[in-house]
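Next, two complexes with subunit A in common: one pairs it with subunit B, the other with subunit C.
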Partner chain A sequence: MKRRAFLRFATTAAAGVLAAPYVQAQTKKFANVTLRVNGFGGAFDEALRKGVAGPLEEKYGLKVQFTAGATQADLVKLIANKSSPPYDLFMCDSSYVVELLKADIVEEIKVSDVPNIKRILPGFREFGDYGVPFNVSSVVPVFNSKYIKRPLTSYSDIARSDLTGRVILPAPDQIASSLYLLGMAEENGGSISEMEPAMKILSAAKPNIVALAQTNVAELQMFQSEEGYAGIFWDGRAHELRTKGIPIVTVFPSQGVYSTISYINVVKGMKYPEAAYAFADQLLSDQGMLAIPEALRYGVTTDVKLPEDLRRDLLFNSPERNALRKQIDWQQLWANRSGWIERVNKTIRN
Partner chain B sequence: MKQSLLKRRSLTLVILLTPMVLLLAGFLVLPVLGLLRSSFLPSTHLLDGTGFSLKHYVHFFSDTYYSSVLVETFVDGLIVSLVCLLIGFPTGYSLARLTSAARRWRMIVVILPLTLSLVVVVFGWLIILGRNGLLNSLFVYLGIFSSPKTLLFSRPAVLIVLVQQFLPFMILSVMSVVTQIHPVLEQAASNLRANRFVTFRKVILPLAVPGILVGFNIVFVLSISAFITPRLIGGARVAMLGSLIYETIMAQLNWPFGAAMAFVLFVSGLAFTVALNALVASRFTVRG
Partner chain C sequence: MRADLIDRLMAVSGTLIRALVYLMLASPAILVVLSSFTSSDTMNFPPMGFSLRWYKVAFANELFMAALWTSTYVAVLVAIVALLVGFAGAFAMNRFSFRGKAFLQGLAFSPLVVPAVVLGIGLLQLFAWLDLTQTMYPLLLGHLVLTIPYVVRTILASLTLHDQQLEQAAMNLRATPFRVIRRITLPLIMPGLLSASIFAFVTSFGNVTVSSFLTYGGHVTLPVQIFAYVDTSYDPLVAAVSSLMIVVTLVVILTIERLIGAERLA
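Take a look at the complex of A and B:
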């Protein structure tokens, strides 16, 4: 080979080697696409980055940008900016889906778009073709076994006379509050439209209630600093307390458990529906579905096979237990919630 | 000549004031007017719908719960302002009487809490007042408590934290006015055989009234509109209107009712401070 030909060949080869990754990235299906998602923050978003966003970027070149914030505030932002939505995908719990539907700002997601939808467990997709459920958080009675020797067995047990000045509950404006109120009502013959039994239990529990926690972090700290020994909390947060060495026992009420499901919703008018469907599909895949339970021990929504250590820790870990998850009329709950908050405020603060 | 000077001065005044007026009009007056309008919407939801209704004001004033929370909020605001005055006046006075070099470091100590995020301050208090916190440990160590007690989630706890948060405003207001009172006046009073108390009552206090009023107003307004402290330190058991407004708007998404409550708080707070200022001015102002 002549010197000139050799140099030409070598230059071309080197340029090819250098440009290969770039060219490959450009050829990926969603290269240069970034999905904007509102985040819940902390370990939750981190788990989604690891189990969903990471693999998507590797496979399709798709980038996902989580912006952590309060869901209420993000929802208001979304509703106020319908024509130019700040998010492509909106992540929220069941109660907020009601608002999304009312505001008509999310698209339907069909099984033809997201094949893994067929893996969702019966009863876990509460809004027809709207939203993709990917996580279950349950509100359950909890107690510190170091101090409470007689286990709680139901939501109504917070009114037990041996718990004076020892109970911590989520504040009335938290969705957890609406769920335990519903639990207390239904345990005592009430219903979503007849909450008087719950209010009676709450009145009886008033001397027991040391604080109403305004945030999950505040409640976590209250249990950690032993401000209270019993109460009602999210199952994942109770697990977090156990990992911090606090002997918190999670109770599975025999009459049923009240949960909220986290959904990912495709915002109307977003530019990349296919990328959004890819996100949802990855979320429902084994890898995506196990990301949050592995990090936070919240429940799954699909038929994914749970590793034994995970199965032991999760509240809904068998078909029998899944059957005890109470179905909630979110439309009605959302419509009644304002009145419940007012009643709780008056009961507790008076 | 004189007229052109006056013209130039008023033009300068307009130029200097215009940015602030525009800023206030765009980001305060207009939103407040929007708030006022939304408080008259008949809806009980986000800002949807049209129409005009007094139902949210009727709901507020016809339900004794809300009016009692309003009264409690004002009482809390008054307590916090008075405690801040009692602690802040001597501090502000003593700072004002120092040389500027000696005052510098002490001022940094006074201002330092204002540089911290409110949430950080509140979480600090949660740790101090908690059952395993500093105060409980100290009381148990000193034998005052036999076992740790719940110090948080009560009205006194909320008031203590509010006083700590707003005390610098009182100190700074008092100090700025006392520095204008020449020490010669105190010496003159002393020469006229006035004791320290009489000097304080007859000389210092009347001259320091503007600073006290400003400090009182700032602390009062900040206290009645507080919502993070009552929510986190009071554990939702201590009712203050600010936290109810936050809850109504952010959790119940009932913007019109939240706006009505905000407006009631705004108007009643304004009326209270105007009345207080008029009362104090009539007591301490000498009419010629």
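Take a look at the complex of A and C:
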């Protein structure tokens, strides 16, 4: 080897060796960073681990720790620990975002920080620049087609006379209950501030109601053991029943569907905002967005192209259907909720 | 003759009622354990087929195993500390008259009347103020507060029922108070102490409400993990994990029974 060639080779090799750590640092941008996220538990967290946390760790070295718990308790923990928050990112449904904003504990997230925000469907980001919506869960009428031959078509159909002793509803203190009450009110000329029509429907449905399920699992079990043939349930849980061989049909009410959206929020004072934005961006990417629907068949919030099997199963699968998702004034709903619970209890239990 | 018949009828009906009560008490646990051996993907009763697949899944699930470990060591620690605190409190209440004794008794039993949610939020606020929420102390103290009424009650009953003349005799023979407690009192109330420790372990091990407010730094107790799991998933894995919980509880109780004998616990 000539001297000049040797020097060229040696210089290149030395530069490569020197640059390697820098290149490595670039590819593992968030190595040694762990984001703490409150989890919903079970298959939900598992789907996020696969579709969001896994790819982030591979790409940036970013670790994500999901801590399972009840959202209400996690929210209380977050509010109580403002000065040293137990989570970096807080995952919750629309109704809880109202509380987060009141407590002033979450940051705005701009499209300049999370480019995929521009892919969010119109009307699916309910709180301005706060929170990144990544999943839609809808409360819809459902029925067992083995026993109910005349399909339900609306929330108010639970009062139909052929359903005597066959209807299961979520208990009044569940958020699902507030949503179907709103549905029944608006289907019959009422509104969030005029719930009388909903109470009339509920009163008429009283002989039909066989149970008010305190938890999703309880309601799932009741449908599974065929204690009831019709009712109101979450779309994802209805799909779960179908996978267990129960012929539960999900109804898309023609006047509109009432849903809650799951958001990821960046907690004020957290140490790694850039890592949090990377998490949110991955969540809104095609891979992240499809993770929950693939596992649980809850809806998407972006313009992601749905594979055929998902398109068939999801409620919001076209621009026309997306337009039928009802906008909800969560602040007012939260303010009125306790009054509704009291009315439902009086109506059903008297 | 007539009296014999009535006696026999009473005995038979008593046995039937007892059997029914035991069945009612045990049936939830029995159903869960049986369901956990299903070979299908769905949790139902009677189970379809027989398989250990859900136990394999449970043992392979790091989240559940970590939560089981957290629950176990927290419950063991709580049982030990509750015994120490509970014995001291019960001994003072049983042996001495002092100002504020009624208040202390009321305080010891107050966690029974305060709703668990209120207790959880209260403790969370306290530890947030002390900046200790990311440590194990809130969970330990929360469970300790929950277990104290059971422990104090059980030990107090043992102290009341045992013969104090034996202690007086020992003191007459110039045994020091510490020696009397160590050599006379504690051995005599040992069944009560061990019953109290079982109460403390079981109360701590199965608690959901208070624990969900006081979990720390990614450490979650098993009941909280199960509770969160069933909110989004409902499969036989839950039954397998719940069965493991039952097994751990039974192992603790049986170990104590082996150590001192069931008849002494009664």
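FYI, the second predicted complex is superposed on the first by the 323 of 350 C-alpha atoms of A that agree within 3 Å, B and C clash if a C-alpha of one lies under 4 Å from a C-alpha of the other, contacts with A are read in each partner's own complex, and residues count from 1 in each chain.
Throughout what follows, contacts are C-beta pairs under 8 Å (C-beta built on N, C-alpha and C of every residue); 3 or more make two chains touch, one makes a residue touch a chain.
Note that the structure is a prediction, hence the values are computed from the model and not measured.
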For this session: Figure out whether A:G41 sits in contact with subunit B (first) or subunit C (second), or with both, or with neither.
Result: second
Exercise. Which of the two partners, first being subunit B and second being subunit C, lies in contact with A:R337: first, second, both, or neither?
Worked result: first
Problem set entry | Contacts of A:V210 with subunit B and subunit C, given as first, second, both or neither | first
Exercise. Does subunit B (first) or subunit C (second) touch A:A73, or do both, or does neither?
Worked result: both
Exercise. Touch check for A:S161: first (subunit B), second (subunit C), both, or neither?
Worked result: neither
Exercise. Once the shared chain is lined up, is A:Q65 touching subunit B (first), subunit C (second), both, or neither of them?
Worked result: second
Problem set entry | Partner chain in contact with A:S112 - subunit B first, subunit C second, else both or neither | neither
For this session: Indicate the residue numbers of subunit A shared between its subunit B interface and its subunit C interface, in ascending order.
Result: 70, 73, 76, 221
For this session: Give every residue of subunit A touching subunit C within the complex, in rising order.
Result: 36, 39-45, 65, 67-70, 73, 76-77, 80-81, 83-84, 86, 215-217, 220-221, 224, 240, 243-245, 296
For this session: Please name which positions on subunit A make contact with subunit B in the complex.
Result: 70, 72-73, 76, 79, 99, 165, 171-174, 209-214, 218, 221-222, 225-227, 337-338, 341-342, 345-346, 348-350
For this session: Spell out the part of subunit B that touches subunit A in their complex, as residue ranges.
Result: 44, 46, 65, 69, 126, 130-133, 150, 152-153, 231-232, 235-239, 244, 247, 250-254
Exercise. Which part of subunit C faces subunit A closely enough to touch in the complex?
Worked result: 41-42, 44, 63, 120-121, 124-125, 128, 131, 133-134, 212-213, 215-218, 220, 224-225, 227-234
